[in-house]
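Right, I'll just put the structure down here and ask away after.
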Amino acid sequence: MSRRISRIIVFSLIFGGIACCVHSGAALAQSPDAAVRPPQNVRAIDTRGDEGGSITVMWDLSPDDYDGTAEAVTVIGYEIMRAESPGGPFASVGFASAGATRFADASTHDGTDYYYQVTASTSSGGPVSPVIGPVRSSPQWFNVNRANVFIIGIILSMSIIFYIASARRGKKLFIRRIAGLEAVQEAIGRATEMGRPILYIPGIQDMDDVQTVAGVTILGYVARTIAEYDTKIEVPTSRSIVMSTARETIKAAYIAAGRPDAYSDDAVHYVTDEQFGYVAAVDGIMVRDKPATCFYMGAFFAESLIMAETGNSIGAIQIAGTAMPAQLPFFVAACDYTLIGEELFAASAYLSNEPKQLGSLKGQDVGKSIAMLAIATGVILFTLHQVTRVQWFMDAGNWFKDLFLLN
Amino acid sequence: MWMDSPNWVTFGTWVAALLTLGIMSFLYKDNKVYKFCEAVFIGISAGYWFVSYFWQTLLPRLGDPLVAGAKSFFSGSPIWGSLVLFIPLGLGVMMLLRLIPKTGWLSRWPLAFVVGYTAGLRLITFLQSNAMTQLQNSVQPVVRYDAAGGFLAWESFNILLVTVGTFAGLFYFFFSKEHKGAFGRVARLGTWFLMITFGAAFGYTVMGRMSLLIGRLDFLLADWLKVIG
Amino acid sequence: MSNGNQPSFLEKVQALDRRVIFLFIALAVSLPLLFHVVFPEKISPIVSSMFDRIESLPEGSRVLISFDYSPSTVPEVQPMVDAVMRHCAARKQKLYLMALWATGQNITDETIDRVLKVEFPEYRYGEDYVNIGYKSGNQGLINVILTDLKKMYTTDVHGTAIDSIPMMAPIRNLRNFDIIFTFGGGFPGTKEWVLFAGDPGRIPVASGVTAVQAPLLYPYYPSQLLGLMGGIKGAAEYESELIRRYPQFESLPHPGIDMMGPQAVAHLVIMLFIVIGNVAYFATRNRQASDQGAR
Amino acid sequence: MRRQVPLVITFIVGAVLIIAAFIPHHPFGRLGENFSLYFDIIAVFAFLLGGGNLVRIHGGKFMRGIRSSIQEAKKGGGFWPLKFLVEFPFFAFGGLEDKRGRDWFFSLITLLGFFAMLYAGLFKVGNPDGWQGNVTNPEALFQEFYQSMFNPLQATMYALLAFFVASASYRAFRAKSPEATILLATAFVILLGRTPAGTYATDWLPQSLSFFHIPNLANWIMAVPNLAGQRAIMIGISLGVIAMSLRVILGVERTYLGADEK
């Protein structure tokens, strides 16, 4: 909530700052004794869409604030004063710089009556506005400021859920080949032929990273094939929860393949939470056990290239997938196949080959179409404004752009 | 203190230097010294993290509030705040029930909580920070004029290029359409933009990585061998 | 493939043992370190624009330096700060030091002790330089001091009243500074200084940031940003220009230049290997093609 | 039943968390924060499993290894503890892939490191402020271990990247296809732009061609085409995450939950 308030402050400050500073040089020459007038039309309301504890005070600029034409600026800012009774005593709760027209007082107690007045500050005191109030703060049940996030979230979610549902009803969907995932089968087959193990790295982050969740679900489908082929798999993990989840996942895959007896907890073992300690161990496993195939699926940081290069040096087939933009180049350079960003999240759906999972991929495509449509609309509106100079396009463009504004 | 004595400092430097060389020996080939360093690293780092979790999470965020809650319980004050903590405590204990075969299935409850938490939280954060912010930044005129009304060809071209590149890149990610024909060509253009992104990031990172090596060599040459000043 | 079972030299080069590359990288970094190999850095326009500005400002000009970083980025950022500070002091300009980051205040003190007090003992606190320290508020702070500095800063870091410090007398707000330098690598930093002080106040802002940050800030140059240094390379450029104009600084530490020696050699070695790899690749490919043609 | 309850938990936790993002009112306003605390606490409990696993693996290796070493020493009679001590270095540093488990020595090292760290940290050994002291006090034994062992090991492992970027770029940057050529060319220009050589190489270009001045070209690549690629990746990722999360919350994707036995 405080972020929202600070955004409001920031925006008012931007405009206020621009407004006042252009002429503040001239202001210095002015005598500070010139009588300035207080801010007009002061209002105070409960801050919208918050969890309580905040009241927003608004005002119209003092006529002596910079208004675009005035030669001089004498008001350097506004002091917001608060009291619990109309007679005072009033104490300052904050300061807004010149040109600002609102301030969020985030130090209120819900249900208490407050009275406000706003001082137009000059370098030597300043006039005060009339007292307003009472006003109380309270928490709300819906954050109207995030209505746009809500609506866009609904649109994107619905497009995905719609296609999951329609695929479940049996509608046939086309999904293109994804080379990296087509190679999974072949890579497991190769390890089986060579009688060497498969190394699976589910990233180095904990389960609270959605990339790790993706990595573990992909592990589920990989493990199913492994169980059928009776290949050995090694999953060193750098987090304990990932270890537990990976064990559940692999066990389920062995049961699904009808070979629960072949499963052993030893396939998955914890190494250390430390990023580079983990890598030191994984490198050791690679050069000693010489896996035929290495999977890297999840969230990676700098260690990505250390593992991928060591894996390359032992001649393993390597399939990587991550949504860490900074590490993608290294996987692309050192691995045979790399799932880029979105493909990592699509992988488990693709490998599952279940209609409803594939349906969600179609939904993602619709989401991308919506995103492109949105960009195109905004770009066209603003470009039309530049070309035609018709203000309406600018207004429409700004309205449209604000749909994606986080506040 | 004894640890501040010059001998001890020298000893610490020697330990650090030998460990440094041990790890570097892996570049030549796997060997016993590397294996030794690896074993040290795994042991102390796992211990280090557990100690950190213990003092920085378990005690201040679970232990202390529970003790405080118990105190206020006996003094008759409200204890709702600490009662809530029995939820994570319970989930944590369930996690340990894996160790008992009969109750092992209960450990899926905390896992289900964790995955649900991750899914719910990340859906919102990625919707905001990736989708909406990027869309907002993408919306800008592809034709630009300066204040005097002159056409800014270069700026306009750059923005157009970014917009086209973003679209082409998104085309590449389409799953439900074969990369063939006109669509395929745009998707191909998208891969070119992705390759530029990867090449740029790769080239740009090299300097940072070299700095790390310079740092290590500087330690070996200056602090340990003292051959450079 | 070439005739016979023996792989040709070019094929061997293509599948070069990576340890050969490792060896070259190790040498490329350690030899320049050992023998202090330095390269003449050619100052790029984006750095020279701010160097020249400092150079052209008259004696006694007012320079604001904001320390917007933490110890973790000191290795990358500090060389730039030292170089700029030295330059300003050599030009006898008045230094006003502050910080948007809480961690910046200690770094400011450390820099004063190490650079100003040692190298410029004639510099007097309160007359030639002042440290007004850290205040919270990020861009909000910038915005307020753009109109009224003394609203936020009533004392310096030592608790001395601002009004009793001689060099603070002519300062009412940010517009009284001739140039603002911001050093950092995150939020708040250069972007905030440009948007909240430089643009609205028409004050020249120059900046030194980490290498990772720099590309994100290039769009601001040259209209909104006077100049920009990115990481060690930026520091090296500034240091070498400084030494070129002020040879007396040659004996002082110049970590930027020192670090760039191994950096440049290592980069060149990597590029050389890329070229060799491609030459070998094309040579074998062409030979393959001609072999097939002959058959 | 055993499978249904976890699915319901996932659904409720995920759905409530999404809705709570739009409800500022207590108790939803801070639900995300609270759940993140719960996660941290669960993670500490889980560490008992992970750390236990580590101790079990290396303890097992050590026990098996030392037993077989002692047996070896007992063979042929004589005073076996002395023989054991003499042969110890040979056992410890036997072949890397010692089939007879003689590399128990390394497991011992791991265990020693682990317990030494726990001992130093949990009991705050050598902390000048005693029990009340901060565990990160640099004078305590815990931080001393950190400085002299953890730190150099970590920094060196990290520094290996300098070598690996070199070997990876040598192998990967070959102009084998249009895509690979673009990757190669971009990386090359950026690399060149980071050295003085880049400045000198194109210094002779006239002002009108300043765009092709290597540092300028490198900056342009970073600011324009690089940005386009980044944006496409970021938008794609957001949709991937939304779809993945929905599949998990709705129970369409449930691999991670395991299966019932029997």
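For reference, chains read A, B, C and D in written order, and residue numbers begin at 1 within each chain.
Basically, a residue touches a chain if its C-beta (ideal position, glycine included) is under 8 Å from a C-beta of that chain, and two chains touch if they have at least 3 such contacts.
Every value quoted in this text rests on a predicted model; they were computed, and no experiment measured them.
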Contact pairs, highest-scoring chain pair: B-D
Label of the chain whose CA centroid is most distant from the centroid of chain B: C
Distance-to-centre winner among chains (Cα means, whole assembly as reference): B
Geometric centre distance via CA averages, chain D-chain A, whole Å: 22
For chain B paired with chain D, centre-to-centre distance based on mean C-alpha positions, whole Å: 8
Centre distance in Å when chain A and chain C are each reduced to the mean of their C-alpha atoms: 30
Where chain A touches two or more other chains at once, by residue number: 149, 153, 156, 208, 210, 213, 241, 244-245, 248, 271-274, 276-277, 280, 288, 309, 325, 328, 330, 332-333, 340-343, 346, 361, 364, 368, 371
Touching two or more other chains - residue numbers and ranges from chain D: 18, 21, 36, 39, 42-43, 46-51, 54, 96, 150, 153-154, 157-158, 160-163, 165, 167, 169, 171, 173, 183-184, 187-188, 191, 194, 222-223, 226, 230, 233-237, 239, 241-242, 244-246, 248, 256-258, 260
Sites on chain B at which at least two other chains make contact: 23, 26-27, 30, 35, 37-38, 41-42, 45-46, 48-49, 95, 98, 108, 111, 114-115, 117-119, 121-124, 126-127, 131, 135, 138, 163, 166-167, 170, 173, 194, 197-199, 201-202, 204-207, 210, 213, 215
Contact footprint of chain D on chain C as seen in their complex: 16, 18, 21-22, 24-26, 29, 39-42, 44, 46, 215, 218-219, 233, 260, 263-264, 266-271, 273-274, 277-278, 281-282
Chain D residues within the chain B interface of the complex: 2, 5-7, 9-18, 21, 32, 34-52, 54, 93, 96, 103, 106-107, 109-118, 120-122, 126, 128, 135, 139, 142, 144-163, 165, 169, 178-180, 182-191, 193-194, 220-239, 241-242, 244-246, 248-249, 256-258, 260
Touching residues on chain A, where the partner in the complex is chain B: 148-149, 152-153, 156, 173-176, 178, 207-210, 212-213, 241, 244-245, 248, 271-274, 276-277, 280-281, 283-284, 287-288, 325-326, 328-330, 332-333, 340-343, 346, 350, 361-362, 364-365, 368, 371-372, 374-375, 378-379, 382-383, 385-387, 397, 400-401, 404-406
Residues of chain C that touch chain B when the two form their complex: 19, 22, 25, 29-30, 33-34, 36, 75-76, 211-212, 215, 231-233, 259, 262-263, 266-267, 270
Footprint of chain D on chain A - complex, ascending: 1, 49-52, 139-143, 146, 149-150, 153, 156-157, 160-161, 164, 206, 208, 210, 213-214, 216-217, 220-221, 237, 239-241, 243-245, 248-249, 251-253, 255-256, 260, 269-277, 279-280, 288, 302, 305-306, 308-309, 312, 323, 325, 328, 330, 332-334, 340-346, 348-349, 352, 354, 356-357, 360-361, 363-364, 367-368, 371
